[in-house]
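Heads up, there are several structures right after this.
Next come two complexes built around chain A: one with chain B, the other with chain C.
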Partner chain A sequence: MDRVDGTEHYKGDVSQGPIPALLLIILDTNPHAWALLNRDLPLSEAIANLLVFINAHLAFHNANQVAVVASHCHRAVWLYPRPGSSSEGVDMAGGETPAINDANKYRPFAQIEDQLLTSLRDLIQTTTPDDVASTNTTQMAGALTLALAHINKATLAFSQQIGGTETTADHLGSSDDTSGLQSRILVLSVSGDLAHQYIPIMNTTFAAQRMRVPIDILKLAGDTVFLQQASDTTRGIYLQLRSPQGFLQYLMMAFLPDQTSRKLLVAPTQEVVDFRAACFCHRKVVDVGFVCSICLSIFCSVPEGAVCLTCSTHLSLGEYGSKPAVVPRKKKKRRKLNGGDDTPSRPGTPVPNK
Partner chain B sequence: MSSSDEDYVADDSDDAGSHQVSSRHGTRSQGPVKGPAGTSTRGGDPNAGTRKRAAWEDIQRSWDTVVESADGSITAAVEKERNEKKRGRLLRDTTPLQRGIIRHLILVIDLSFAMQEKDLRPTRYLLTLRFAVEFVTEFFEQNPISQLGIIGMRDGIALRISDISGNPTEHIEHLRALREQEPKGNPSLQNALEMSRAALYHAPSHGTREVLIIYGALLSSDPGDIHDTIANLITERIRVSIIGLAAQVAICSELCKRTNSGDDGNYNVILDDVHFRELLLAKTTPPITQTKQQSQSSLLMMGFPSRVLDAGPIMSLCACHSKLTRGGYLCSRCDAKVCSLPAECPACGLTLILSTHLARSYHHLFPLKNWIEIPWPLASQSKSCFSCQTPFPKPPRTSSHLQVPDGKGKGREGVGTSSESGRYGCEVCGRHFCIDCDLFAHEVVHNCPGCQGDSRGNVQVRDRDVEMGGS
Partner chain C sequence: MAPALKASALYKKKEGTLSITSNQKLLQWVPREGDKTVVITVGDIANLQQTPETAAKVMLKVFEKSADAPESVTHVFQYNSTSNARGEANAIKDTLSVLLAAIKANDGNVTTTASAAIPITSAVASNQGSASAKWYDDDALKLDIELQQSLMKKDQPLHRTYTEARKTKPDTISDSQFNSQFWSTRTNVLRAHAVEKNQKRGSYNVLSAVKPKVVDNELKMNISAEQIQLIFSQHPLVKRVYDENVPKLNETDFWSRFFLSRLFKTLKGERVADADPTDPTFDRYLNGSNENRPNQRLLELHIPNIINLERNEENQGGSKGGNRPDFTMRPGESAKVPIVRSLNSLSEKIMAHVAPSDIDPADPIGMDEETFNSLALRDLQGSAKENRIILNIKQQSQFFANETPEVSTEAALYAKQVPTEVLSQIRLELSLKEVHGRDGKGIDLGKAIGVIEDSDSDEELHHKIPHVGSKASIANATKQILEGVKSRRIEIDGSDAKSSLSGLSQRIFERLVLTHATTTEFLHHFWLLFLSGDPDRAGELAKMVETLERSMDRISAVAEDAETERNEVIRIERQRVRDLYEKTGKRLKWSADAVGGGKVIVKAMMEPTIKTLQKASKEYKKALAVEGIDTY
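Up next, the complex of A and B:
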């Protein structure tokens, strides 16, 4: 296609041997959750451990890549590669930071460390107290979307480098072959409730499943049903960190192997996956719910007047709540017996309070 | 392909019989087929002499449109065309239409002599079966809570191939078994429709009732008056769509038109195998609800069970097949164990599904809005794509680049245009993206990275609220 120069000879180099892997790390930097976690595992220590893990991943293969996204309280931000850094790469190497020129450090390691820490500092400095006070969740859906977009682009670039014939549609259709870039997402999650991002998170989950990108979750604190479902759907690993001191060991033992090696290993599995859904009315996680047949909204109880809250359609209740017709005899006695198990949805039913 | 050929109207509507002579390639058209009454598109036109041009008269050759740039290379033009093609695939109507998400569909496959034709490789019959398997898989992927049944037409009768059910593996098994058999005899449209009608009789009123026919023959040997059958289909609100493999047939066109309340977009004739596959897989998208009475909405009670994974040596019997299994799902009302979902609890009758099944359909209901092309004057506010960090081309210093915009104005209508600055912007969050991310966001992930990635501007205003507020 575009290759008219004589760079054919690189082709053989890349396509043989082990396939390079792209590791995308999503770091949940929710200040509330880290504050709670501070005693067991401060953020600085977690970052230090994470950097060791990133280095280990890069050391596995020459062409291995890594990218880090922060899922902050109000926005999702690229930590590595830094936004804009690719265009001004010269000035990065200009030597403003002494760490990069440290002779005792492998240069790519130093570069990542430097960029990651700089952008993380930037992120924390630009966070105002208002931002922190106004919410206690994290933009996980946005971070996942960014991550998937990056993977998509990297896969395209990689396949162009190797074969050069695939287009976007082809690569989606034929992504089951193993020749492409092996990508995976690792989420270091500290926040609990994500119920208000239900649909976007589910969208990213299905996209990841379609792209055959496993989503691994390491849960440092809290519990999220949707991330559990995401890792189960995409065949990723879900682990709950039981002892925060062993953070690095968790990372190294469970999350370092790529997809190819995972086939040969016994990966940790989830015993019970919670597949319950969040209702759209109160954001409650429900076991048995009511589903609107038009828009598939889930409700925890029959909405008032049986009108769907999302699409405002009037819904017929079907068989639910109907009772066998009783011939009315002694009215007062009957009512008292039946009143207790009436549906909560009909507040108008008069129940004698005695 | 260009869209210029979709208005082709068969001129010989008065002698419909001539269609049955042979499958002339010239009679095929790409877009929706106009019926005998299709001439109504030019009904009020006084000069009927201006005949619509046939498809082959308007062929656009890719080499005609290429313009050499100043230095004589065509890279820019090729790149532009490639981007336009990419975008053309994704620009579609994004109004949140009401769709029949819970579907009941009967797939009718022609198994008559006409399927032995070898105009599709290896034969029409084998190719259709292969695509049908693909269709079944994709159908349940897109519509996890829907039901499907398969009927064949052979020897003048309708043949029950696979009963209506929600289990793709059974359907695929039955379709595979068909491969051993030979297509023979005449097809009977009426018999197939009557059998579909009977199969869909029990479909609940909140779901759709659809029949999809893959029709290879140009004739139908019916025992009675098919118009009576069509009238019955209409009263039972069954919608029929047909994919023709040979040529347009008047009765098919009428059938589709009348059962879809006048919309004739549901009868298509294929051009080649690629087009066949496209048409078939397009039917996996839930259909748009057209009239109020077609859908009686209701509130369904459903259970969202949790999965149990028995890691130990313990096994237990499942309630659905009475087989010993290790894992399974426990009904959220009565704790009976079923082995796969979606299912109806055998003990208490509660519909059991995974919430992921419901979530799979949400992007049909809340589509992501199309992004707009960003012209050069507005391009300077972004240096790189918001989601993938790919640097954008720099704005030109001189205005020599301004030769492009004349092609841009007209493009907003149908076929996608490429942005001159390589930037595509989301109108909600105002962020700029590259073409690959545009494609990816609309076709795969169905999220806008910008809107999801920053909630400071529009706190608590999520995509769906915006969409629903508009309707």
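Up next, the complex of A and C:
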């Protein structure tokens, strides 16, 4: 009956067409690093290129969504959607006129641009020099956690919107990705020294793997520790830029296709992955270490008293580390009862030839 | 076995009883009064001596050598039984010598790894019981040459690795040591092979497996003696017929008529059509019973009363009243559907001979706890308490308060920066015209990204650092991305066989693989010895180092061969090009670089192995230096 009168056409079944995607960008705003990068890629130009990229993403599908998180030196902050802005809005009587009122600019693009820049400026205004001096690195783990929570929320909201009563618990674990929102995370990273956040970052990586959210990494500066593993486990793309001036080209060519398109394309990700881990005691990056057999925590050297630091079980070492013995032990000469020879090297008494 | 032997004997001038315990493990002397019992483990007895028959006194001297005592201890027992001292002494002596002989034979199986290999003569004498003990005994597996050889016959690459390694081992390592080293890492493979060999085929339904074949217009049938045995054990009726008729008929006649007769069809379970030929000898038994002793097995089974349905017969009318079961399920009517019945009974018989997998014959009769648990009604009980183990995860942050971590390069650079400057710079950036819209208009993104459509690349080359969005930088970016795509693509498509050999011929490649396998083998042993820290094995260690040097030489030898081969190919190609030129006057462009293979490739392929070899010898020399031994 449906086919005759064309009801299918009007149902608005979103899953028939291309599936909308949520792109979540984590912008690493470590001031030290950006100051160093100023010669090659100033922050202003980077932001401009990023806005063009966001506009391109939104242009692909009218239900595409985007969100931006700033991973700053001492906290992770939402840049877009601006926190609290959704509660404002129409209710505000005589509220602020939208800052950008350009008739030549597509309204959603203008809105994003405005919110992003305002949030970023606020963030920098509220940063004190002490904050900047206190740390070398950025709050990547916090930003990743915020990102994953937002993805979860958006996926739930989306499936409620189209499906009504479907439970999304199946969606998150199911192998068929043809329904629901497709999300991915893009990390623009400029800082290294993430060894202290090894455990939280690995936790978010495994959560993303579970949720089938690829984590793409675009590395502008800084050492790579652990982010390679994150992108490798979640089947994302890892790129370290050789020419930062071509920033927009990298974004558009490698990071724009969404998950369905990526199945048909060959991704230009870096193939050699650094699989080292950080030890739990000193946060040093190690490739050979000791592992507790109960809780699998990694140590660079034997912990004190051979007690594991996380699960407090006493561990024993076995034969490891004994000094290699290259000299045979000197045998004590014993006198045997039967008078048998134990010194074969001594020549026997010469016997005259018969 | 013989009961515990007792004899009255004197030990150190005290009276008492000398006896062997019933499990034949201990020889003990218990004094008449007092408590100085002497217990000697039969396994520890090194030697026995007894006074000869002609002597007046009957004495037994036992040399005991236990594992932890430094010297052997002698015990002297004097038999003082008034009636039968000599007889008792002889009895004890005979029993002890038999026990000792048995122990010595078993000792031949178990040796330490350092000793030379003793061929297993008792492998022939060992029975089924000791076979399973042998499987779990690593040392026994290492010494079982037959097993090793059959494994190598089965597994060709293993055989090749073995012969190659054996050919190239240095002469200082003896054959037996080499054997024990080689097999000590492969004990699990040996064990699996031994278990596999030991599996036997279970009994099967012979009658349906036996089929006549048509050869040259006459029916031929091959039956093995084993199959005949199986037929007799599965169908006692056939055995009876055979016993009664065979002296009169001869064997071949008997069997050929049997397989054509109605009896055979009945036993197989097929319906007997009226068209089948009748056979006077066999048809007598058509109604004979095929059971050993009916219901004998049923009586042996002990069915728990809670599921025993036969008991129900006594309660109600049983199955006699009520609905009649299906005609296949009706007891007693064998003519209608014989196949169901005969197959079932045959399967039961076969299964009765198979060792039961779920019943332990040592279990007590009656219900044990497991069956009770499976029959109990669990739903009516509450839910079980959770039995979790709490892990105490401690907070580790307090451990790092005093750590001064290493400073990375970025951190060093950051330390040079002044925070206030940094901040002000960022603020400046963000207030630049490009990103700060004025008068309610947004940013002009077109200008902001800096892509100048019509610019010439020449202009941009003037700048030392191209500006963001210049054509050159975009081109570089594209190039990097495409390189990445290309290398991924190669991985995805897989490399074809030709390129994976990299120009080496198949023969050289196989030699290289073999060399690699043997080198890995030797390296494995070297590291095992080296890291074990056992000073007794230091001599073996020195020999291993020699072996490693030989491996290095072998790799170079393969490289040389590859090089000569490559030169040969180049020569042929050059000749061909020259010939072509002479014939046709055409000049072909060809360079020797196009030919792959050769020493370079071999060295590149074996590079990790070469590095490991160098590392191993370096570590060894370092350890020697620590000990203060000069290496020349």
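Some notes on this structure:
Everything below uses one rule, namely that the second predicted complex is superposed on the first by the 282 of 354 C-alpha atoms of A that agree within 3 Å, B and C clash if a C-alpha of one lies under 4 Å from a C-alpha of the other, contacts with A are read in each partner's own complex, and residues count from 1 in each chain.
Definition applied: a contact is a pair of C-beta atoms (placed from the backbone, for glycine too) under 8 Å apart; a residue touches a chain by one contact, two chains touch by 3 or more.
This is a predicted model, so every value here is computed, not measured.
Aligning the shared chain A places chain B and chain C in steric conflict.
By the touch criterion stated above, A:Ile124 is placed in contact with chain C alone, chain B being left untouched. In the overlay built on the shared chain, the residue A:Met202 is in contact with chain B alone; chain C does not reach it.
Within the superposed three-chain model, A:Thr310 lies in touch with chain B and with chain C [touch as defined at top]. In the superposed pair of complexes, A:Ala141 makes contact with chain B only, with no contact to chain C. Contact with chain C, but none with chain B, is seen for A:Ala133 once the two complexes are overlaid on the shared chain. Within the superposed three-chain model, A:Leu256 lies out of touch with both chain B and chain C [touch as defined at top].
Shared-chain residue A:Ile162: touches no atom of chain B or chain C. In the superposed model, A:Val286 lies in contact with chain B only, and not with chain C. Contact with both chain B and chain C is seen for A:Cys295 once the two complexes are overlaid on the shared chain.
The residues of chain A shared by its contacts with chain B and with chain C are 269-271, 294-295, 310-311, 320. Across the complex, chain B meets chain A through its residues 86, 89, 98, 101-102, 206-207, 295-309, 311, 329, 332-333, 350, 354-356, 358-363, 365-366, 383-384, 387-391, 434, 436-437, 439-441, 443-449, 451-456, 459-460, 462-464, 468, 471. Chain contact summary for the complex, chain C toward chain A: residues 391-394, 396, 399-400, 403, 405-406, 408-411, 413-414, 417, 419-423, 425-427, 429-432, 434-437, 440-443, 445, 448-451, 465-470, 472-478, 480-485, 487-489, 491-492, 530-539, 541-542, 619-620, 623-624, 627, 629. Partner chain B is touched in their complex by these residues of chain A: 74-78, 81, 83-84, 86-87, 131, 134-135, 139, 141-143, 145-146, 148-150, 152-153, 156, 167-169, 172, 196-200, 202-207, 210-211, 229, 232-233, 269-278, 286-296, 298-299, 302, 306, 308, 310-311, 313-318, 320.
Across the interface of their complex, chain C is touched by residues 31-36, 38-49, 51-52, 55, 97, 99-102, 105, 109-110, 113-114, 117, 120-121, 124-125, 127, 129-130, 132-133, 136, 191-193, 221-223, 239, 241-250, 253-254, 266-271, 280-284, 294-295, 309-312, 319-320, 322-329 of chain A.
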